[in-house]
Amino acid sequence: MTSRFHYDLVALVIFAVVIAFGVPALMNYDGFELNTFARYLALAIVSAALALSWGTAGLLNLGQAATFGMGSYAMAMHLKLRASDGLPDFMGWNNVPELPLLWVPFESLAFTLLAGLLAPAFIGGLIAIFMFRARIAGVFVAIITLAFLVAFQLLVINQQGQTGGQNGLTGLAQLALPGWTVDPYSMGFYYLVAGCLTVALAIGVYLTHSKFGLILRAIREDADRTRFFGYNVATYQTAVFCISAALAGWAGMLYTMVLEFASPTYMGVSFSLAIVIWCAVGGRESVIAAAFGAIVVNLLEGRLSDVFVEGWHMMLGVIFVLVVMFMPRGIYGLLTGLGARLRGPNRARGAEPRASHTQQLETGQEP
Amino acid sequence: MDVIANQLFAGLSMASILLMIALGLAIIYGAMGVINLAHGEFVMLGAYATWALQSFGGIGILPALPLVFVAVAAVGWIIEKVVVQNLYHRPLDTILATWGIGIILQQAVRLGVGAESRFVRGPDLLSGNTQIGPLIMSNYRLFVIAFSVAVLYGTWLLMTRTEFGMKLRAVIQNRRISECYGIEAKRIYSFTFAYGAGLAGVAGALITPLFSTIPTMGTGLVVDAFLVVIVGGLGSLIGAASASVLIGEATALFSIVINDTLGRIAVLAGIIVLIRFRPRGLFPTETRR
Amino acid sequence: MGQLQVTDLQVEFGGLRAVDNLSFSVAEGEILCLLGPNGAGKSTTLDLICGKTQPTGGSIRLNGTEISQMLEFRRARLGIGRKFQVPSVYKDLTVAENLSVARSKRPGVWSALTRLALSDAREACAILDRVDLADRRDELAGNLSHGETQWLEIAMLIAQDSRLILMDEPTAGMTLQETEKTARIFRKLSASHSLIVVEHDMSFVRTVADRIIVMNRGAMLAEGSIAEIEANEAVKTAYLGH
């Protein structure tokens, strides 16, 4: 286990070095290419965030796009205000007479950054308390979060005067940090996103190897047993939901800066399930693997969708079904399985099918 | 008053469509514990099959129904054999796999038929309206309501009065013991999945004159249908029926009081609260979980 | 006045009284054995004490605090540990990780966020020596044999260090030597812990029990030392059916 911690730290360093030095060199330091890659890195954060709640705690959150969207809109509101003289243009089109109260504090950058992290954490926490106090688990978590996502997206689209409705928020300014206006096509911006991803992954790696992560894995396996050791399961589940939501919000803020707009599309069911795909392909047990999965799938999508246009989505579906069926632990599972085989048969940590599981299968008993 | 009566009818019409879709989902979930997110795409396939039969074969909706049922059931049967059967012990993964299948089906249709919306003509026989006082009801919608009730009754008969239904209930209760008595659980599962898929196909055929047929039409429907299943109580037919009426009427009535979107949000919020306090639904049954 | 005081405890499952007006107490450092035929309500009694099942009547007091309405994790924090009849360890976690979970002196989220997963493992490994699992520290618990799993769960309860430990059939599936060793461990544990043990193995009960309660159909049939129980007519009747 401690050795696993070391492996993860080494993987994190390699990962950071590659995205810091390898990728820009491969892209010939081209601003456009780097912007595209920064987009993948931002998505990698939200994929890693899902790995925390899904892989570690076993809570399949199908509403991750909602918290991502909150961060995205928080940043977009700030940048929209920066781009507008007085009232943002779309408000005028929607006959909104003056700046809505919700918008006022987004004049402040500090407030925006805090809101982009804390608003998702707060909302995620509320839903989590609501569910986990009642000991809702398994597929019900997936369904409730999915229903929340649908409702939230509808709400955002419906509140046209505040959110720009279906069009989202466009015509944004570039983020002005003290002494630095962030051009999304610059090297500096690329390093900002890469740095954020590295920090997010470091947090994720630490959490999965902390006692917190261990208790979450215990809860995933047997929540009832864990209660009898004195752990308040609902609090742990709520905490991981909040952390995961905050990371998703962070990713959302960066994403808005990359794209220079915010759109309700990125609060939709399809986007939410896309996050699940990235996470599953990379490997839900490891935040680094999940981030890697997001980058690989998006990179493939970027390259192959030019060639296959419509065919790409179908291939993605096929890949995903195959991963779920034959590679349930993703690329990470393949690698650790391989590593375990190299080290000898006795140390195959989870690489061989779990004895208990297969037995249950044969006897037809429920887990 | 007139508005309310007409909205009540609209709600009932919506409920009948929800029921048709949710029924297959409820059976599949109740029997096998599989959350079939490809169900919306089965509906979509049914709609496209109907469109194809009408445009290329000149076959109207009503005679097309049995053909569509068989065709979509066959698709479901294959999917069950190839994918779902391997995932029964991993319920969360069935969500993911069936969703992946949904993407594949959706894109296959998009590639094969195109993304533009297709229209299907309703049966001439049912083209008019029936008026009772201020209440104006489209004959076709009345037919769909009646049809869905008939399908509900037929499914209930299938589950309770046939040998297949008996075997299925035995497998739900205890798969291992049933197998000891010579019931082939795998076959029962395949047939159940196929039947559920077939029902979705029929639902798709029936809604073609009411909705425009596009490759993405299933996505929205499956979420709603799922909520119906969970609110109703997993695997309960009566539950699914009551929940679809409840959700259909609630949506219709909310949309007069507030607007359509906010009405839908309110219904979703209500459902979330309901699942929270009654996670086993309004009509819980003993099901395989 | 003991550490645990159970008064008029009862629970009904659909009209069936699984535990019927049961009253008893456990003193500090005492080993109380619950005996009785299958379905007598022994495991249910443990379930009621640890919070797995809610009682329909009566009271349970731990060191004077009423706990019968508390959530299970609060009871655990007050000092109640439970070993289940079917060994309940985390099969996907390693042996050391299992012990680290069990070692729950500071069960809050904040303290868990600020410590590494195995920060509590060092002390736990001393426990592994006692149950002969030291060399399997990094093995997945799912790969242990049935006997080893029993040991692991016992080790987890020692690690949890509850003042009152509820043991449900701890020696099931153990060899004679292993059972004797368990008895030695239990005697040693009783120096600083109280134990309630549900057990069928009479020789084991003879070795460890300070006091015995025999249950039948949810109610107490007899209470006393091993000699008193063996001489009790009501117990003979219940067991032999005369």
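To keep things simple, chains are lettered A, B and C as they appear, and every chain counts its residues starting from 1.
Definition applied: contacts are C-beta pairs under 8 Å (C-beta built on N, C-alpha and C of every residue); 3 or more make two chains touch, one makes a residue touch a chain.
Note that the structure is predicted; figures quoted are calculated from it, not measured.
> If you take the chains that touch chain A and keep only those that also touch chain C, what is left?
none
> Using only alpha carbons, which chain's centroid is the nearest to the whole structure's centroid?
A
> Please flag the chain sitting at the greatest distance from chain A, going by CA centroids.
With centres defined by C-alpha atoms, farthest from chain A sits C.
> Cα centroid separation between chain A and chain C, in whole Å?
42
> Distance-wise, how many Å sit between the C-alpha centres of chain B and chain C, to the nearest whole number?
Computed from C-alpha means, the inter-chain centre distance equals 49 Å.
> Between chain A and chain B, what is the separation of their C-alpha centroids in Å?
Using C-alpha averages as centres, the distance is 32 Å.
> Please give the residue numbers of chain B that touch chain A in the complex, ascending.
Touching chain A: residues 35, 83, 86-87, 89-93, 95-97, 99-104, 106-108, 110-111, 174-176, 179, 219, 223, 226-227, 230, 259, 261-262, 264-265, 268-269, 271-272, 275-277, 279, 288-289 of chain B.
> Touching chain B in the complex: which residues of chain A?
The contact residues of chain A facing chain B are 60, 130-131, 134, 136, 138-140, 142-144, 146-148, 150-151, 154-155, 157-158, 269-270, 273, 276-277, 280, 310-311, 313-314, 316-318, 320-321, 324-325, 328, 357, 360-361, 363-367.
> Given the complex with chain A, which residues does chain C contribute to the contact?
50-52, 71-73, 76-77, 81-82, 84, 88, 90-94, 96-97, 100-102, 104, 107-109, 111-120, 138, 140, 142-143, 156, 160
> Which positions of chain A touch chain C when the two form their complex?
1-2, 5, 207, 209-215, 217-218, 221-222, 224-233, 235-236, 239, 347, 349-350, 354-356
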